[in-house]
Amino acid sequence: MTAPPPDPSDATPKTLISQGAEALVYRTTFLVPTLPALLKHRPRKTYRHPTLDARLTKHRVLSEARLLVRARGLGIPVPAVYFVDEANGSIFMEWIDGSSVRQVLDAILASPGGEGKVDAMMVRVGEAVGRLHKADIVHGDLTTSNLMVRKVGGVEEQEGGAGEVVLIDFGLGQVSTQEEDKAVDLYVLERAFSSTHPKAEKLFEDVLSAYGRSWKGGKTVLRRLQDVRMRGRKRSMLG
Amino acid sequence: MTIPITSLQLEHIPRPHTVYITLFKDVKNATFLRDQLLAGNSEFEYAFIDANTIISKVHALAAAHQAIHNLLVAGKLRTRNVHSETVFCLSPNNNITDAFKRFGILPTTTSLLCIKFSTLSAPVTLESIKSHLERSVEGTAVEFTDENLLQETVVDWAKVAKNYKIKSDNLNTQSLLNEKAIGGGLKSLEVEVLGKLVVRTTG
Amino acid sequence: MIALGLEGSANKLGVGLIKHTPGQPAEILSNIRHTFVSPPGEGFLPKDTAKHHRSWVVPLIKRALKESGTRVQDIDCICYTKGPGMGAPLQSVAIAARTLSLLWGKPLVGVNHCVGHIEMGREITGADNPVVLYVSGGNTQVIAYAEQRYRIFGEALDIAVGNCLDRFARTLHIPNDPAPGYNIEQLAKRGQHLLDLPYTVKGMDCSFSGILAVVDSLATQLLTSHPKPLLTPSGEPVTKEDLCFSLQETVFAMLVEITERAMAHVGSSQVLVVGGVGCNERLQEMMGLMAAQRGGSVFATDERFCIDNGIMIAHAGLLAYGEGERTPLEGSTCTQRFRTDEVLVRWRK
C-alpha cells in the first residue's frame, strides 16, 4: 500500500499498516525513537468542502481521543493516548503489540480441536465489552478486527490469545446510556463473528455469558439483544 | 566544571528544531533565576521547571513536544514563547498563572529542569547553552534520566497527586521503579499523566 | 427476447422496450416517459399521480411500439414494477400490465424497482461488481452484491435524501419542473457560503430529518426575514443559492462517506450511482474524487436511466424471465414495501 505521509516535513519513519475508509494507520515512534506508537491519521477528503471537512475531522479526532482517555481512566483496556493534533487529523497512541482476535481465531481454528483453546479469550472479550458498556461507552463498530490480544512473551497465536484483550478503533464510538445502543454493539459483534468465523459461532455464546456476568446491567442488555436480533436490519421502507 | 546536556530531536517535529535539557540538583540560586524570568531577561529564556513535579523523561518531553507543536501551528501558542509554553503544557488545566505556580521554578526550588529549544527563528548551539547554564545555575548537574529524576532530584508525590488529581495508594518512587512497562510502552502512571495533558488539549 | 417494461412507482410513468441477444449488450428499442409535475410548493399526491398514469399509459405504450417498430407478437413478456413505491400509482400501472397480459396472451414478470435501477446501471456503465448507491425520492441505500442477493449495507434511517431535497424545494418555492432536485442543483452552482448544518452519519447509515428541519427553518427565515434577516457568520446576507449549496454539500458528503465505508468494508473500488438523485453532477463529481482517492472509479448514468424509467423494469424483468421466472396473474400484485434484499438474483453468479 502506498499513501502520502500525513506531514511532508515530518522525517520520523512510519510504516502504513492499514487503510480504512476514514483513516490511515501507521506504526511509528513518539517523542523518542525507543517509544513505539500508533499514528491514526484522517487525511483530508478532497470530495468534501474544505470547511465541512475541517469541522468533521476536528470533531471526530477530539471525540475519539476523549473516549479513549475516558475509558482508559476507568481502567477499561484501550490504547493510551499520547498526543492529539486535531487540525491535522492525527492521534498518536500506544502501540499494542499483539494480534487481532480475528487473526488469533483464524490461526487457532485452523488446527483440529482449536475451539477448546480459545474459551478463555472469549470470556475476556465479553468482559472487556462489559466494562466498556458499564462506563456508558458504546464502540459503534465492534468486530473481531477491532479487538486486540496483547502478546505475552513473544507468542500469542499458539497460546490461544492468553494476553489481555484490548478494544481499539473508537472512531464511531459515543457516550450512551441507552440499552438499545449497547445491544446493537453486541449485535454488530455477533454478526462479525458469524460472517468472519462461521466455525466460531458457538463460541460467541461464551462472549455473551461472560458479558452478562461482567456488570449489573448486562442481563438487561442481553434481553434487549433478543429484540435487536428479531428486528435485524429488516426495516421496511416506503419506496 | 562541565555539565551533561541532553540534546534531542523530538519525533515528528521538523528536523532543525532541537531541544536541550539539563537537570540540576541542590540548586541554591532559584530566586535569582526566577527573577530573571520575571524581569523578562532575554538571556534567560528557558523553561525552568521544578523537577520535583516531574515523574519521568516522557512526562517532561510530552510537554516540550506539545509546546513546540503549538509554536509551529499558527495561532496555537497560548503563552509568550515556546519556553513558557512548555511549563504551561505540563498543566492539566488552562490557567497559565496556576501552571507556573505548580510546575515553574519557585524561590524554594532546589531541583531544576532546564529546557531550551533551538528553533528556526532563534537558533542556539549546545555550547552557548552549556556555558550559559554553567555560569548561571548554582547547583549540581546530573544526566537527564528516569533514574535521576526519581532518585537524585526526587519526586514530590503529594504534589504530583494534587497536580494531576491522581488517587493511588502506590504513588511512590519504588512502585514506579519496579513497574515493567508493557510491550516497550509507558508505565501506568505515565499513561495517566499524559492522559490528563491530552484532556486539556481536547477540551 | 424482447420485453415491455412499465414503471409508475412515483410521479414518472415510464415505458421501455428492450431486446436481449445472448453474448451481446442489451438493445434499447424504446425508452419514453411522461412526468406528473405538481405546482411549486406542492408535492405529488398518490390519487392525482395515479390518475396521470392511467390517462397516459395507453398513448405511451402505443408510441413506444410505433417508434421502435416492434410488433406485439415479438414481445416475450410484460414487466411491471411490483414495488416499492406509492400504492395508487403502482396499482394503476399493475392493472395496465395485467390487461395487456390477458389481451396479448403474454406472461407477466413483477420487478423490484431498486433491482431495476441496479441492473440497468450495470448494463449501461459496464460496472461489473460495484458498490451501489441508490438515491432517489423514496430510497437511500448502499448496496453490494453477495450470494444471489443485493444486500443493503447502509441506508437512511428516516427520510430518503431525495425526499429531503424535494421538501426543502417546496419550502423555498423552487419549481418542480423539470424536477426539484435539478433546480436545486442549478441554484447551488451559484452558492457562495457554506452554512453549518447537521451532519448525521452512523457507520454505514445516515439520517436526513435533522438537517431538513434546520434547513427548512432557515429557508422560512430567508423568505420572511422573520424574526430577523438571515446572515452568514461574517454578516453577509444568505441567499437561496447559499442554502441550496450548503444543503447539497452536506447531504452529498454524508452519502459519499457511507458509500466509502461500504467500499472499504467489502474491498471494492468501483461505485455505481443510480436513482434520480444520481443525476446530480456535483454528487457524481464528489463520488469520483472519493473513488479516485481509493484508486477506483465512479460509474453513473444520465437522466434517461437515472430517473425512473420503463427500460430498467424491462431489463431486470427480462433477466429474471431468462431464468424462468413468471408472475402468475393471481400473484401479480404490487406492494409499497419491497426490500432490495428480498429478491433472489438468479441471473448473477
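In this document, chain identifiers A, B and C correspond to the written order of the chains, with residue numbering beginning at 1 in each.
As a working rule, contacts are C-beta pairs under 8 Å (C-beta built on N, C-alpha and C of every residue); 3 or more make two chains touch, one makes a residue touch a chain.
Just so you know, these numbers come straight off a predicted model, no measurement behind them.
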Contact graph of the chains (line, ring, star, complete, other): line
In terms of mean CA position, the chain most removed from subunit B is C
Reported most central chain by Cα centroids is A
Per the C-alpha means, the centres of subunit B and subunit C lie apart by a whole-Å value of 61
Between the Cα centroids of subunit A and subunit B the separation in whole angstrom comes to 34
Whole-angstrom distance, CA centroid of subunit A to CA centroid of subunit C, is 36
As the complex stands, subunit C meets subunit A at residues 9-10, 83-86, 113-114, 138-139, 152, 155, 194, 196, 199, 202-203, 249-250, 253, 256-257, 260-261, 263-265, 285-287, 289-290, 293, 336-339
Within the complex, subunit A is touched by subunit B residues 8, 10-15, 57-58, 61-62, 65-66, 69, 73, 182-186, 191-192, 194-195, 198-199, 201-203
Subunit A contacts subunit B in the complex at 7, 9-12, 28-36, 62, 65-66, 69, 72-73, 80-87, 92, 94-98, 150-151
The residues of subunit A that touch subunit C in their complex are 19-22, 45-49, 51-52, 55-56, 140-141, 172, 233-239
